[in-house]
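There are two complexes below, and they share subunit A, which is joined by subunit B in the first and by subunit C in the second.
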Partner chain A sequence: MIHPSASLSALLGAAASLLPAAHASAASTDDAINRASYRFSDYDEDALAPASVIGDGKRYRVLSQVFGLDTRIADGRFDLKLDATHEVMSGSSPWFVLPDAQQRPIQVLSGATIRDHRSALSAALTSDPGARSNTTWSAAYSAERDYHALSAGVERRQALGDALTLGYGGSFSHDVIEPTDAALDDRIARATKNSASAFASLAWVLDRDSVLQAGVQLNAEHGYLTDPYKLFSYADAIIPEHRPGERAEGAALLRYRRSFAQIDASLHVDYRYAQDSWGLHSHTLEVAWYQGFGSGWRVVPALRYYSQAAARFYSPFALVADGRVNYSSDYRLGTFGAFSTSVNLRKAIGRWELSIGAERYHSAHGLALDGGNAAVPALVDFTRAYAGFDFGFE
Partner chain B sequence: MLAAALVASLAACAAQPVQPWQRGHLARWDMRWDPDATQAALAEHTHFSKEGSSGRVGAAGGGCGCN
Partner chain C sequence: MRAFRFDFPSMGCPCSLQLEAADEASAASAAARARAEVARLDEKYSHYRDDNWLARICAGARGDHGIEVDDETANLLDFADALHAQSAARFDITAGPLTRLWDLQRGRLPTHEEIDDARARVGWSRVSWVRPRLRLPLPGTRLDLGGIVKEYAADRAAQCCRDSGVMHGIVDLGGDLAVIGAHADGKPWLAGIKAPRDPRQPCATIEIAGGGLATSGDYERALVVGGRRYSHIIDPRSGWPVEGFASVSVIAASCLVAGAAATLAMLLGIDEGGAYLRELGLPFLCVDQAGRPSGSIETLA
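Our next item is the complex of A and B:
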């Protein structure tokens, strides 16, 4: 389940304008104070191999649309960002795992094809948007047929001399889940979850071509953190999974940007380490190269590596009743690693910039840096293609 | 105290302060932390839904991710 708390990434994004003179030299929509944008994304998971699956092996597909508006209001004293998202989801999802005669895992997928949609609205208001020190207030609402999330946050950016910018803030979210077919499938009828987040970062101008940012984040979740749609094979029974009712997470992030302006290029490197009270810890490394080719053309190839070690209560199944309190076979809590490659092609035409791209994601137990030996049979491979445009206006 | 020490050490490392008129390269679009914030949010939302501890999802609201 997603915890819509303000995060380190959000903070670091807000601190992107630590350079007040920034973005003045670029062409097309780059320096537009007001901007409208649209993105369409098609996310499609590969089917699981039929030999190790019970049920419909065709997995999830999500079609997303995002409309965005970023504009100055009140004579330029405030910047207002609005985003509206709509997603349509369909397909089967991992349900539980059974052992075969040799105690190898057989993944059972949900029998019925899921069809749902999600709508979300978010708003962020920044005071003194052109200044090196400012404050942003944000709020968001996300609704699905069975899930509603309401969140609010505030973050402050504070210049500390010429080379350093401090950022800090916090957020809170209240989520409500009302699973479908609750009575029919013995699911909880209604439950809530509260999440709080606090974060801080320092952005540092290293020299005239490079900047570095370091940040930390603390998250706390309390309430119903179980996935109501997952079951667990426990000895001879199939029962609803059960997770702890609290989760605390700490994360650290480093981001580095290096300009190679003489060849119209730049290097982006991001690293994140996270560890939580469930025993799950992860490393994420992302590297991207932004290359301009003149005449408004840009290409952005990128690589991403992710590795996580399993939560303590993860296992594909339990062969005997051992009295465990928490148990889940959700593959997202198992040990695995993932590589993804992506490329984005952009073309600026006057005030317009067109963008298309694709990402290919592959995950496997053997790609993990470390962690347990428990099998994770439902790991996902997917392809995500997207297209859209930005339009800058006065 | 730790934060103060970090700030002091970072400031000390800035041997040659970068003046405002020397920040042309840093001001480029491709030097932003997230040059395409909308696309970055979409990608992070996807990764978050499929991984145990991905970063984000800011104050932007999320979703169940129950799949």
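Our next item is the complex of A and C:
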């Protein structure tokens, strides 16, 4: 996006409530209706402290590249977005947890270094782009050596009067899991999973500077929801973990956007609460500040807090065989809280916009608002850095 | 696609709609809707009338508790409030008493006493505006939304045409233009920028494919005394007309924003106004008192 000067932003901000939404938003971007973009990012998890770890403490690293194209087609009646992603993943991941003599958890990491590639393509077609009422159809395909996912969705935005917009839609995904070395490691050879999602939201234009959006989302998953690579220390045995074959999740979200046009800034506040049938519930609060500095400079610092209470069947290990049916020591199902701080710096130069940024994420059991006392030894800290550009053309 | 043209007077000036539609019925229906919208806004906000919505709002706002205004009026007042802030108090919708002192019909310069008297009744900062409640504590304060409403009406008329399914056309309200959409073949519209000294004679022709063009100048209701022109652009802080550009034209994504930019540049005068226009980065054309054009709008003739 090419950013207008501070005085033009102030003028556009002041005029926004008097203009049709499409024109108010079109006014804040540059005239180019086609955009190409490229972004490279490096996601790097911190190594685990060697004292409580068996195996190579060096964890996951993902190098990803995303190419994007956003273009108007059919005389401007449709907007087509295409994204192509390629990722290279390497490193070891948490495998299972063993109790030591004092029943404290020792994390065992997958011995062999994983090295895999993921390629994904996604497309989204929007009718009447820029209009206050429009429809978007989307489809995506993602492929790894052991995982294939195909998804499709539709989303409708409907203006209800001048200040109110209704959004609703749904999506469906079919995933196929074919774990590597299945016969060797007593893993399932092939499994599938289906997911469906429906959502609805209402956005209110509160005044010329602020918008509030509230929404609900329902997700249902059915099929093989277990991680085929994770094991569980169950009494004296180390066996593949096992999760329920169904999961339902409900989520509510609130988004607030307020622009401070006279200082070329805007505030974004997002909150999300989610609860699922596994007993997991989570809060996410994110605050971001978009600040322009004229001459095309823009900086976006952001802070995100996340708190999760564990799934009912999470525990690092089971000391005695208690007949439980579902069990997992996946840290992502445990109780933890996390802080993420990030900063993004952008500079527009003519039709180009360059962007660089970094994020630091820290999670810990003690940061959670609520949840059980079960230890979560493999909680992750990571650093993500990225750089990319946008190019607008006629 | 066939081309249709509808001419009509409104808001005290000649107006026209040029539309491209599949048939006459579609064009006529869109034009009727657009005209009705322009007429509605003229009726609601004209400051020449004492019996309309604006006059009733002003009357109601004089009470101790003021009056709650409708959303559209509130949006216009918010916009006027922002322009007042962004122009260091030069843009002022309460400046009506001053503007009338400099009206062509009077044929003479106002006296210092008259100017001081009018200034005492003028000042947006003396108005209490806490959306949606408006209160006018000073007796005799009147609001004049003329500097905004015509451009707003042009954008609204263009949107009415789009809502009626006519996607190619241009709205012209007395030289303030809002493009509905480029010609059906994708080519831009040719539009004339009116000359400051003779509004019927365009001083430049430009291509415009979207958004709006607005011109602010001293060709309307200008007072000429002793061979000297006193523009209808009054600096409410001094009570005297601004000596600056003869006209400023701006192209923006909407006629409303173009008009606000042009009006603010006129109010700021040659040096400050010129710097403001360059800072905005929107295409503009200024004409100075000697009729010399300058600016970044590419003209065809």
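Heads up, the rule we're going with is that the second predicted complex is superposed on the first by the 363 of 394 C-alpha atoms of A that agree within 3 Å, B and C clash if a C-alpha of one lies under 4 Å from a C-alpha of the other, contacts with A are read in each partner's own complex, and residues count from 1 in each chain.
What we mean here is this: a contact is a pair of C-beta atoms (placed from the backbone, for glycine too) under 8 Å apart; a residue touches a chain by one contact, two chains touch by 3 or more.
As the structure is a computational prediction, the values presented were derived from the model and not from experiment.
When the two complexes are overlaid on their common chain A, residue A:Asp207 makes contact with subunit B and with subunit C alike. Of the two partner chains placed by superposition, subunit B and subunit C are both touched by A:Ala163.
Measured by the number of subunit A residues touched, the leading partner among subunit B and subunit C is B. Using the contact criterion defined above for the overlaid structures, shared-chain residue A:Ala251 touches subunit B, although it does not reach subunit C.
When the two structures are aligned on the shared chain, A:Ala235 is found in touch with neither subunit B nor subunit C.
Common to the subunit B and subunit C contact sets on subunit A are residues 4-8, 10, 12-13, 15, 19, 23-24, 26, 31, 162-163, 207-208, 261.
Only residues 1-10, 12-13, 15-16, 19, 21-26, 30-31, 37, 39, 41, 43, 60, 62, 64, 66, 68, 83, 87, 89, 91, 93, 114, 118, 120-122, 124, 138-142, 144, 146-147, 149-153, 160-164, 166, 171, 173, 177, 200, 202, 204-209, 211, 213-214, 227-229, 249, 251, 253, 255, 257, 259, 261, 265-266, 272, 274-276, 280-282, 284, 290, 292, 298, 304, 306, 308, 311, 332-333, 338, 342, 344, 355, 357, 359, 361, 363, 380, 382, 384, 386, 388 of subunit A touch subunit B when the two sit together in their complex. In the complex of the two chains, the subunit C residues touching subunit A come out as 71, 75-76, 78-79, 82-83, 85-86, 131, 152, 155, 159, 186, 210-211, 252-254, 256-257, 260-261, 276, 279-282. For subunit B in complex with subunit A, the residues that touch the partner chain are 3, 6-7, 10-11, 14, 16-20, 22-67. Those residues of subunit A that touch subunit C in the shared complex are 4-8, 10-15, 17-20, 23-24, 26-27, 31, 75, 162-163, 207-208, 261-262.
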